[in-house]
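Below are two complexes that have chain A in common, paired first with chain B and then with chain C.
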Partner chain A sequence: MTQVRNSQSTDTRGLTMRRNISRQKKLFLLLFIVPSLVLYLIFYIWPFIYAFYISVFDWSGYSKKMTFCGFDNYVKVFRDPIVWSGLKHNLYFLLWSTIVIFVLSLFFAVCVTRLKIKCPNFFRIVYFFPNTLSIIVVGVLWMFIYNPSFGLLNGILETLGLDGWVRDWLGDKNVVMGSLIVPQAWMYIGFYMVLFISAIQGIPEDYYEAATLDGAGQFRQFFSITVPLIWGTLRTALVFFVVNAFARTFALVYVVTEGGPNRASELMTTYLYEQAFQNGRFGYGAAIGVLLFAIVCAISMTIYKLTARENVEY
Partner chain B sequence: MKTKKSVGPVLSRGAINFLMCLYAVLVIFPMAWTIMSSFKSTKEFYANVWALPKSLDLTNFTNAWKTADIGTNILNSLIIVGASVVLTMVLAAMIAYAITRFHFRGAGLIGKLFIVGLFVPLVLGTIPEFLILQKLHLYDTRLGLILVYTAYSMPMSVFIMMSNFETLPSTYSEAAMIDGCNHFQVFFKVMLPLAKSGLVTISIFNFLWEWNDYIYAMTFLPSATKRTLPVGLVKLTSMAMYRTDWGALFAGLVIVMFPSVVIYILFQNQLQAGMNSGGIKG
Partner chain C sequence: MKKRIALLLATLLLFGLFAGCASSGQTNAAVTTAVATTAATETTVDASGETTSVAKKTNKNLSILWSSGGNGEYVNYTVDYLKNTYGLNINIEYNAKAHEILQPQLIAGNPPDVVMVQHSFFNYYEAIQAGSFQNITSYLDLPVNGSDKTVREVANPDIIDSTSVNGSTYLLMSNMNVGGIYYNKAMFDEHGWKVPQTWDEFIELCKTIKTTTDIAPFAYPGMYPYYMNCFVFPQICALGNGADTFQNFNNMTEGFWISDPVEKAFERIQEMRDNGYFLEKLTSLNHTETQMEFINGNVAMIACGSWLQNEMADNWPEGFELAYMETPAAANADAKKYVVVSGNMFAFPEAAANKEWVGEFLQTYYSDESAAAVAKDCGVVISPAMVAENNEVRAALSDSVVESYESANTNTKLYLLASIWYPEFWKNYQNTLSSLVAGDIDAAEFCQTVEDYAAAIRSDSSVVKYTVG
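Our next item is the complex of A and B:
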C-alpha cells in the first residue's frame, strides 16, 4: 500500500514539475517573442498595409476630414507629368549607379583579394570610409566640390587646362543627374567591395592554383571561377541594392538639389515627400508611394528571376 | 614569369596599383579637405581653398557649438541612438534565440517575416509611419524616433542574430539546464555571452545608420530642442550659407563625421567578420 501511494505521489509530483516546466517555457517564449514582434508589426509591417488604405482617400493628414475618393488619386498620379519625369530620373539613377557601383566594387574586390597588390587591408579600410558618413556630410561635401565659384572640381579642371569642361555642375539641368550619380557611387562602392571581398575569400585557393597550372590567366580565372562561385552573393547584393536604391537616392537628392534646378533632378520620391509633407496631400503622396512600391517590386523580382543560376557547391 | 608580372593583356601590375591609389585619394582627399578647412577662417578660405590652415584655430568649433546649439543636438543624438541600439540588441537577441532554439509552431514563419523585411522598399513607409506616430501621440517625441529606429533595425539585426545562435552548439544550454538553470538564466548567463560577436556587429551597424540618419529624424522629430545632430547640421548649413561662415560649417561636418569614422576604425575587423558570417549572403 505505502509503496503504491509513494509511487503515485512521485508520479503526480513529476507531472506537476513537468507542467511547471512547460508553463515556464511558455512564459519564456511569450516574453521573448511578443515585445519584438509587436514593435515590428506596428512600426514596420503595418505602415506598408496602411499606405494602401490612405491612398484611396483625399486627406490632408493634418485634419480629421478624410474623404473616400476611390481611385481618384491614382488617376491623378497617372496624369501627372512630374510623376513620369520623376520615374524616368529614378530609373536613370538606378541603372547608372548600379553599373558604376557593381563594376568598380567588384574590380576593387578582385584587386584586393586576387591580384596581390601592396597593403590590401589599407585599401579595404579606406574605401569603406564614405559609407560611414552621414548623407548630410556627403551632400554638403559634394556641394563644395561642385561649387561653380570656388569648387574643387572646377579648380582642378582649370589647373589641368581643361577650361572648356568647367560648368555649374549642380545648376545645369543637362549635367545635374550625372553629377548626382558620382556621390552616390562614392558612398557605396566601399560597402559592396567589402561584401565581395568576404565572398571571394571564401573560395578555396586550390581552384585558382589548378587554374593557374592549366595556364588560365587572371581574366579567365575571374570569369570562370570568381564570378560563378560568388554568384549567390552578387545576386542577393543586387536585389538588396535595387530595393534600397530609391530611399538612398531620395536622401541624397533631397539634401543636395531638392529636385532642382527646375525639377531637372526631381524623383518620384522627392515629389512624394513634397506632396505629403509640404503640400499636405497625404492621400496623393501615398498613391505615388504605392505605384513606386509596385515598380520596385517588379524590378527586383525580374532581376531575381533573370539572374537565377544553378547553385555551385564548393 | 609572364603571369607573375602582368595580370592580363591590358592591365599591368603598376596600372592596378596606380588605380587603387588614385581611388584612395578620391576617398580621402574630400574628407581631409573638410578637416583642413574646419580650422580656417572664412578669409583664409577665400584666399586659397587649397592652402593649409595657418594655425590649428578652434574658433570655428566654438562658433558652431554656440550658434547652432550643437551641444543639445549631440545630447539628443546620444540619448536616441544609445537607447535604440540597446533596445534593438535586447529585442533582436531575444526573438532570434526563441525562434532558432525552440521548435514551436510558427517559428519559421516569424523568422521569414523578419527576412522579408530586408527586401521591402522603405520609401512607401514614411507617410503612414508619420500618421501612425501622430495617432499614438509619439510624433515629435524622442521615444517615437527610438521606436522607429528600433523597428527599422530589426530585420537585419534579427537575421544576423539568428545565424549567430544557429552556429552555437546546444551542449552548453543543455548542460546549464541539467545544472538547474531555468530558460531565462540559460539565455542571460550562457547563451548571450556566447553570442557576443553578433551583438557587437549589429550594434555597430545600427549605430552607424542611426547616428547618420537625416530623413527620419527630420520627419518624425522636427522640434528645435529635440533635433538630432544631422538635423542640427542642416540648420547650421543654412545659417552658415546665409552668413557665408564656411569655417563653422566645416567644423559642424567634422563634428558629425568624427564619431562614426572613429567607431568604424576601432571595430572594422568586427564589421568585416560580421559581413562574412551573416551580412547579406545568398
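Our next item is the complex of A and C:
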C-alpha cells in the first residue's frame, strides 16, 4: 500500500514537474517571441492596416488634415488607365522573369549538383555575386550597358556587324520592358540557383544511383526524381517570383527608366510612388497599394492552390 | 540556474527594446525642444515692419533643410551672418533627398524652420492647402540688409504675386534659372555657322549641320522632356499673341492645346524630328548623358538652362566656348523674344519650432552679399536683376551664364506655373512630348492628347485650380 502510495506520489510529482518544465518552456519562449511579435505588429501589420484606413481619405500626406472620401479613391483607381497599364507591366515582369529566372536557375542548379562539373563553388559564387549588389548599382550598371551612344551592348552588336539590331534599349517603348527583364534576371538567378542547389542536395544519392541502374537518363531523372522531390521549394520560389515581380521591381525601374518612355515601363509601384510622394495624393496612392496587395495575395494563393500536391517523402 | 540565465537574457532583451525607444524619444526631444539662451541686445525689424529689440527673441535656434540635388549650398552666407549677428544656433542640412526627409516631419509636426525642396519631387501647393506653410506676406516689405530695397523688390518681384495663394505669399524663389539654347562658339566659328535669329535661320542651320557633318544639330535630355520647354514655349508665344497666349497655358484655358499657335509650334518639333535634327536615340538619355554628348562635340546645340556651366564644371574640354542663344522662334529677328525661367522655391513650415527668425532670414538671404556668395559658390543668381545691378554677382558668373540672365532681363520672362500647380498633368504632358519626339505620334495627336489631359484636370473637383493675369 505504501509502495502504491509512493508510486502514485512519484507519478504526481513527475507530472507536476513535467507541467512546470512545460510552463517554464512556454514562458521562456514567450519572453523571446513577444518582443519580436510586438515589433512585427507595430512595424509591419499596423502600417499595413493603416494603409487600408488612409485609402478612404483624401490626404496629401503633408499634414494631419485628412478628409474622408469613402471609396472615391478606389473608383478613381479602377478608372485610371495608368494603373491598369502598370498592372500589365507587372504581369509582364511576373511572366517573363519567372520563365527566364526559373528555367535558368534550375538549369544551373542541376548542372552544379548533378552533372558533377568542376569547381561548383566557383560557379555558385559567380552566379550569386550580382545578388549581393545593391539594386541601385545594378540599375546604373545596366544603364551604362544599354547606353545608346557608348553602351557595351550596342558596341558589341556593331562590332559583330549586327547594326540592324542596335536599339535605344531603354528609350524605345517596344523593347524597354524586355530590356528591364535582363538585369532583373541577372540579379536574381544566383539567389534561386542557391535555393535550388540546397534543395537538390537534400535528395538521397541512392535514388539517382537506382535510377541510373534502371537506365534512366539525366532528363528522366530530372523530371521523375529532382522535380517531385524539390516541389515544395519550387512552390515557395514561385511565390517569391510573384512578390518580386510586384514589390522588388520598383527600385530597378525607378533608377533605370523612371517608368518611361511615356509610361512604357510604368509599374503599379512606381505610379503609386508618383501619386503619393510627388503629387501629394497619399490617399490615392494607398488605394493603389491596397489593390496591389489584393492582386499579389490572389495570384500567390492561386499558385499555391494550383501547385498543391501530396508531399513526397524520402 | 538555466531559468535565471533565461530570465536574465529576456530581461536584457526587453531592456534593450525599451532603451531603444527611450533613446529615440530623447533624440526627437532634442530636435524639437527650443533652448532658451541669453537674449541679444541688437534691434531688428519684425513682421509688421517696425523696429523691435532682438532681446525679445529669447529663442536662438534655427534649423534649415535645403535640397542639395544639383543645387549647391545656397545659404552658407546667410547661416554665417545669422550666427555672427544674432548668435543663433543653426542646424543646417543640405540633402539631395530633402523632400523625403521633410514629408514625415510635416506630418509629425516637427519640421525644420526653413525648407527648400525641389518642386518636381514635392507638391508645394498641396502642402499649402494642407496648412503646412506659414503665410509670409507681412515679411515682404522688410528692407534687405544693407539696402533700401524690400524683400518683395529683390525676390523676383514679377513672380511673387503669381505664386501667391488667395493673395498670400507662402513661397519665395531661392534662385532663378534661365532656359535657352547653348552651343559651342568655337565649333560654330570653326564651321562658319551663324547664330540663328529666326525660325527659318534655325531650320536652315540644322539642315546645314545635318548634311555637312556627323554632328547632331540639336538635343535635349530625353528622359526629362521638360528641358524642351525653353524651346517650345517661346515658339508658342511667337506664333500666337505673346504672353497673353502663354497665360492660357498657366490658366489651363479650354482649347489652348489645340489652338493654332500651339499646333504650329509642335508641328515645328515634328519637322525637326522628321528631318532627323534631334540626336539619335536620345529618349533614354538623362541630363548628364546628353550634356556629355554636347561636351564631346556630338551635338551642336542643346536645350538647357543657366546651371549647365556649373553642373558640368569638371568636364569642359580645353577650347570649348560655351555660349547662350535665345530660342529663335519668330519670323523676323526684331520680333519680341521670350525666355523661359524657373527656379527653386523655399518656405517656412507652419509647425516649425522657431518661427521668429523668418524676417531676419529673408533680409539676409536677399542681401547683395548673400547674392554674391550664391553666385560665387553655386554659379546661379537669386534674381536676374542682380546680374545688372550687382558687380560682384556679375563677376562671379561665366559669360554664358551672364548672357542668359541678361536675356531674361531684356526679354519677356515665361514662368511655367501650371507645371508646379498640376504635377500630374505636367508629367503626362512630358510623356506625350517624349512620344512625339520618338515618332510614336504626330503633332495633331500630341495636341489633342495634352488637351484631354488638361480637360481631365479642369473637370477634377479634387484638384485646386489657380490662375494668373
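Keep this in mind: the second predicted complex is superposed on the first by the 278 of 314 C-alpha atoms of A that agree within 3 Å, B and C clash if a C-alpha of one lies under 4 Å from a C-alpha of the other, contacts with A are read in each partner's own complex, and residues count from 1 in each chain.
In this text, a residue touches a chain if its C-beta (ideal position, glycine included) is under 8 Å from a C-beta of that chain, and two chains touch if they have at least 3 such contacts.
What you see is a predicted model, and the numbers here were worked out from it, not measured in a lab.
**Q** With the two structures laid over each other on chain A, which partner does A:W84 touch: chain B (first), chain C (second), both, or neither?
**A** neither
**Q** A:Y127 in the overlay: touching chain B, chain C, both, or neither? Say first, second, both or neither.
**A** first
**Q** If we overlay the two complexes on their shared chain A, which of chain B and chain C does A:G171 touch? Say first, second, both or neither.
**A** second
**Q** Just chain B (first), just chain C (second), both, or neither: which does A:Y44 touch?
**A** After superposing on A, A:Y44 lies in contact with chain B but is clear of chain C.
**Q** Between chain B (first) and chain C (second), which does A:F223 come into contact with in this model arrangement: first, second, both, or neither?
**A** neither
**Q** Look at A:A199 in the shared chain and tell me whether it touches chain B only, chain C only, both, or neither; answer first, second, both or neither.
**A** Only chain B is touched by A:A199; chain C is not.
**Q** Once the structures are superposed on A, label A:V140 by its partner contacts, choosing first (chain B), second (chain C), both or neither.
**A** first
**Q** Which partner does A:E274 contact after superposing on A: first (chain B), second (chain C), both, neither?
**A** After superposition on chain A, A:E274 lies in contact with chain C alone.
**Q** Who does A:I54 touch here: chain B (first), chain C (second), both, or neither?
**A** A:I54 contacts chain B only, not chain C.
**Q** List the residues of chain A that touch chain B in one complex and chain C in the other.
**A** In chain A, positions 24, 28, 31-32, 35, 39, 61, 277 sit in both the chain B and chain C interfaces.
**Q** Can you list the residues on chain A that touch chain B in the complex?
**A** Contacts found on chain A: 24-25, 28-29, 31-33, 35-37, 39-40, 42-48, 50-51, 54, 61, 104, 108, 111, 115, 117-118, 122-130, 132-137, 140-142, 145, 150, 152, 155, 186, 190, 194-195, 197-199, 201-202, 212, 217-219, 231-233, 235-237, 239-240, 243-244, 246-247, 250-251, 254-255, 269, 272-273, 276-277, 282, 285-286, 289-290, 292-293, 296-297, 300.
**Q** Which positions of chain B touch chain A when the two form their complex?
**A** Within the complex, chain B contacts chain A at residues 3, 7-9, 13, 16-17, 19-20, 23-24, 26-28, 30-31, 33-34, 46, 49-50, 91-92, 94-95, 97-99, 102, 104, 110, 113-114, 117-132, 134, 147-148, 150-152, 154-155, 158, 182-184, 187, 208, 211-215, 219, 230, 233-234, 237, 249, 253, 256-257, 260-261, 263-265, 268, 271-272, 275-276, 279-282.
**Q** Chain A touches which residues of chain C in the complex?
**A** 3, 6-7, 10, 13-14, 17, 99-100, 103, 106-107, 109, 120-123, 126-127, 129-132, 222-223, 280-285, 289, 293, 298, 423-424, 427, 431-432, 434-435, 438, 440, 462
**Q** Enumerate the contact residues on chain A facing chain C in the complex.
**A** These residues of chain A touch chain C: 24, 28, 31-32, 35, 39, 58, 60-65, 146-149, 167-173, 257-258, 260-263, 274-275, 277-281.
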